[in-house]
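Consider the two complexes below, in which chain A is the common component and chain B and chain C are the respective partners.
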Partner chain A sequence: MWATIEASLPQLLRGAATTLVLAGASVVAGTLLGLVVALAKLSASGVARSVADVYTTVVRGVPDLLVIFVIYFGGTVTLTAVVGRYVEVNPFMAGTAALSIVFGAYAAEIFRGGIMAVPRGQVDAARALGLPPRAAFLAVTLPQAWRLALPAFGNQSLILLKQTSLVSVVGLEELMRKGVIAVGATNQPFTFYAVVGVIYLVLTGVLTLVLHAFEIRAARGYARA
Partner chain B sequence: MSIFGLLMRPRFVVACAIAASTLAIFLPAAAQERLRVATEGAYAPWNYKDASGALIGWDIDITNALCAKMKVQCEIVAQEWDGIIPGLLVKKYDMIIAGMSMTPKRREQVEFTKKYKDVVSRFVAKKGSITDTSPAGMKGKRIGVQRGASQRTWLESSGYDKTATLVFYDSVQGPELDLVAGRIDAMVGNEVSYYIGFLKRPEAKDFDFVGPQLTGGVLGDGAGIAIRKDDPALRDRLNKAIDEIVADGSYDTITKKYFPFKVML
Partner chain C sequence: MLDTRIMLEAVPRLLGGMALTLELTLAVLLVGALLAVPIAMAHESRHRSLRLGARGYMLLFRGTPALVQVFIVYYGLGQFEAVRQSVFWFVLRDAFWCAVIALGLNSGAYTGRLLAGALAAVPRGQIDAARTIGLTEMGVLRWVQLPQALRLATPAYGNEVILTLKATSLASTITLLELMGTARVLVSDTFAPYEIFLMTGVVYLLLTFVITRAFGWIERRTRPGV
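And now, the complex of A and B:
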């Protein structure tokens, strides 16, 4: 058993690397998207608020798998029709786009909650000190909103790390798909799903520690509640 | 205008949301002289990946033989099973060579070539215990079969239920365990599954296939190569190539590498 695990380990680790890159790219893109959408939701413009509401309602309301399928298969069909010749949408980019869109919708609500939870008096005080609106937002509101949003944001990041396994359905060879392939080659489902499970645990364990460090850093200057 | 000022403008925010939702980077398609073939890649010994990640197996060897006959360069990709037909329909590849059974439901979506392998059923029993596997020859025997399997329908439509006692199981392992334990005299199921999953195990050393290879009718039409319905020219070329590799013996040579029996009757 150890020999077969050892033989498959390089492939499984390569899958784990793909999983990490996919999750990392999606967290970065999804966070930026989420921040923009959160600002749109809090903006004075009715159009921006409506677009942002439609986005979060639709994306949070349909299965993540559907978003992946729509972008991977639908993206190919749409672009082929638009461009007039066959256009390939590769699984990695389709997966990154889909997971970023999904993550962005949840992150938008998390950031919106964080921003709204910063006491109004903080902004008033910043303005009273003569800070212009954007400086007040960046220097006063955002750091406090970040601290408040972190636990929920961390939770969503952990979910995203595991959601990457969904992208295996469009043929991206991330950790889960590598596990399925190893099972298909060896007929040892228990062994290889256990190994895959342990690798996911290591990844999520490290992420949990990183998030904890972020939370400590964001809480500087606050007494423990 | 400062970056933050820009960020707060509603129109910019909307534009960002739209741009982000079409974030994917799209690669242009390669020139089309090559044919692309999808297989599952997780179905040993038919098509799977070795420890280095390379695709190997019976389907891969057959694909290479077919492509050589058609004088085209084939690129074989592994595609997860649930997405394998949708990928064909949106032209991510040109054909599926993955032991796909030609079911009526799949025929609604894709076109199949002629059969390129049979899905074969066979009886397994203790060596020398059964010589005649006809309903009359199995009189009084206890036959194990999976409850929802096509082999059960076949046993009942062939009249085995009138001469023998049929014992139903929910799992694949059920009949195997009971056959070894002597609770049933024979079992019937997929030949290759028994060969890979049962007969190679040490506790099965006294057991072997008995009777002829069974196929057709309720046992299924065999497996074909799936192509898009708008591609009849490719179907004709593949059919010709299948005939050629069977006629020149390369089909049997490949099969012998994997199985001690025929996979197309």
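And now, the complex of A and C:
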């Protein structure tokens, strides 16, 4: 058993690397998207608010798997129609797009909560000191909102890391898919799904430690209550 | 543009899939809730071994993807001759029960975690007072901590119900034709992903909406008296 595990390990670890790149790209794109949507939710424009609300409600109300399928199969149909011959969407691109859209919806709610939780007096004080609105937001509101939003944001990142496994369903050879391939080659499903599970456990464990370090760093300057 | 005929024709089959999605959701929630109460109690227990056991279980099921858990139960357990010979095999070879077992264990870990948080949030003074008037440790838990913890956990549990509803879509990866599985079959029949997935999304959204409203109602009903 150990020999077969050892033989498959390089492939599984290559899959884990793809998982990390997929998760990383989705967190970055999703965070930017979430920030824009959070600002839209807090904006004075009724249209922007409505669009942002529809986006977060719809995406958070359907399974992530559905978002992945829409982008992958829908994208394939659209591309095929545009190009004129059968074109399949790249699973990595489709996965990154889908997970970013999902992450953005949750991140938007988290950031909105964080921004709203920054005391109004902070902004007023920054404005009274002569900071323009944009600078007040970037230098005063955002850093404090970030500290408040970090625990929930970290939690959502952990969820995203695990949800990358869903992209295996459209054929991306990340960790989960590599596990399925190893099972096909060895006919030892329990062994290899358990190994895959352990690798995920290590990844989520490391991410938890990293997030904890971030939380401590973001809280510097604040005394523990 | 969107083909409305395909969309309308998909409705009866999607509703059929929805019925299985609801059955799965209810079964998973039931298993999850039955596991969550003892797990939460163990997590808050005075006994170290019980606390460690509860933590280990939560770590295992919250630290790995639900898809891995579903695959281990459905594909993995059959690797062992002893399992295939056992009396449980008729359950473990059935995709429905495998999905319920795997997602139920998963839900038990998350629900257990939030219930443990709620148990810990019940004010210390309440527990001391209950002890003082002569309640046993189990009595304090049953009559003082648990009722309040359940109320405190209600909003988070509403969220867990929605997550469970969405997680049942994983059952489509082990051949079950619930809502998502039905949608995939319809897409390969019609080659119309946008139409089919749009209608599928509408059904999921309706279910999410109903759950959200139901929990809003429960929260209003269980608000403590003044």
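Just so it is clear, the second predicted complex is superposed on the first by the 219 of 225 C-alpha atoms of A that agree within 3 Å, B and C clash if a C-alpha of one lies under 4 Å from a C-alpha of the other, contacts with A are read in each partner's own complex, and residues count from 1 in each chain.
Note that in this section a residue touches a chain if its C-beta (ideal position, glycine included) is under 8 Å from a C-beta of that chain, and two chains touch if they have at least 3 such contacts.
All values derive from a computational prediction rather than experimental measurement.
Of the two partner chains, chain B is the only one that A:181 touches; chain C does not reach it.
Once chain A of one complex is fitted onto chain A of the other, the partner contacts of A:134 are limited to chain B, with no touch recorded for chain C.
Residue contacts after overlaying the shared chain place A:73 against chain B and chain C alike. Looking at the shared chain after the overlay, A:21 reaches neither chain B nor chain C. In the superposed model, A:169 lies in contact with both chain B and chain C. Contacts of A:40 after superposition: chain B is touched, whereas chain C is not reached. Residue contacts after overlaying the shared chain place A:90 against chain B, while chain C stays out of touching range.
By the touch criterion defined above, A:218 reaches neither chain B nor chain C. Touch counts on chain A: comparing chain C and chain B, the chain ahead is B. Within chain A, the residues touching chain B in one complex and chain C in the other are 69, 73, 76-77, 168-169, 180, 183. Residues 57-58, 60-66, 69-70, 73-74, 76-77, 162-166, 168-169, 176, 179-180, 183, 188-191, 193-194, 196-197, 200-201, 204-205 of chain A are the ones that touch chain C when the two sit in their complex. Within the complex formed with chain A, the residues of chain B that make contact are 2, 4-5, 7-8, 10-11, 13-14, 16-17, 20-29, 32, 40-44, 48-53, 77-80, 82-83, 86-87, 90-92, 196-197.
For chain A in complex with chain B, the residues that touch the partner chain are 7-8, 10-11, 14, 29, 32-33, 36-37, 39-40, 43-45, 47-48, 51-52, 55, 69, 71-73, 75-77, 79-80, 85-90, 93-94, 96-97, 100-101, 104, 134, 137-138, 168-171, 173, 177, 180-187. Residue ranges of chain C in contact with chain A, taken from their complex: 59-60, 63-69, 71-72, 75-80, 162, 166-167, 169-170, 172-173, 180, 183-184, 187, 191-194, 197, 200-201, 204-205, 208-209.
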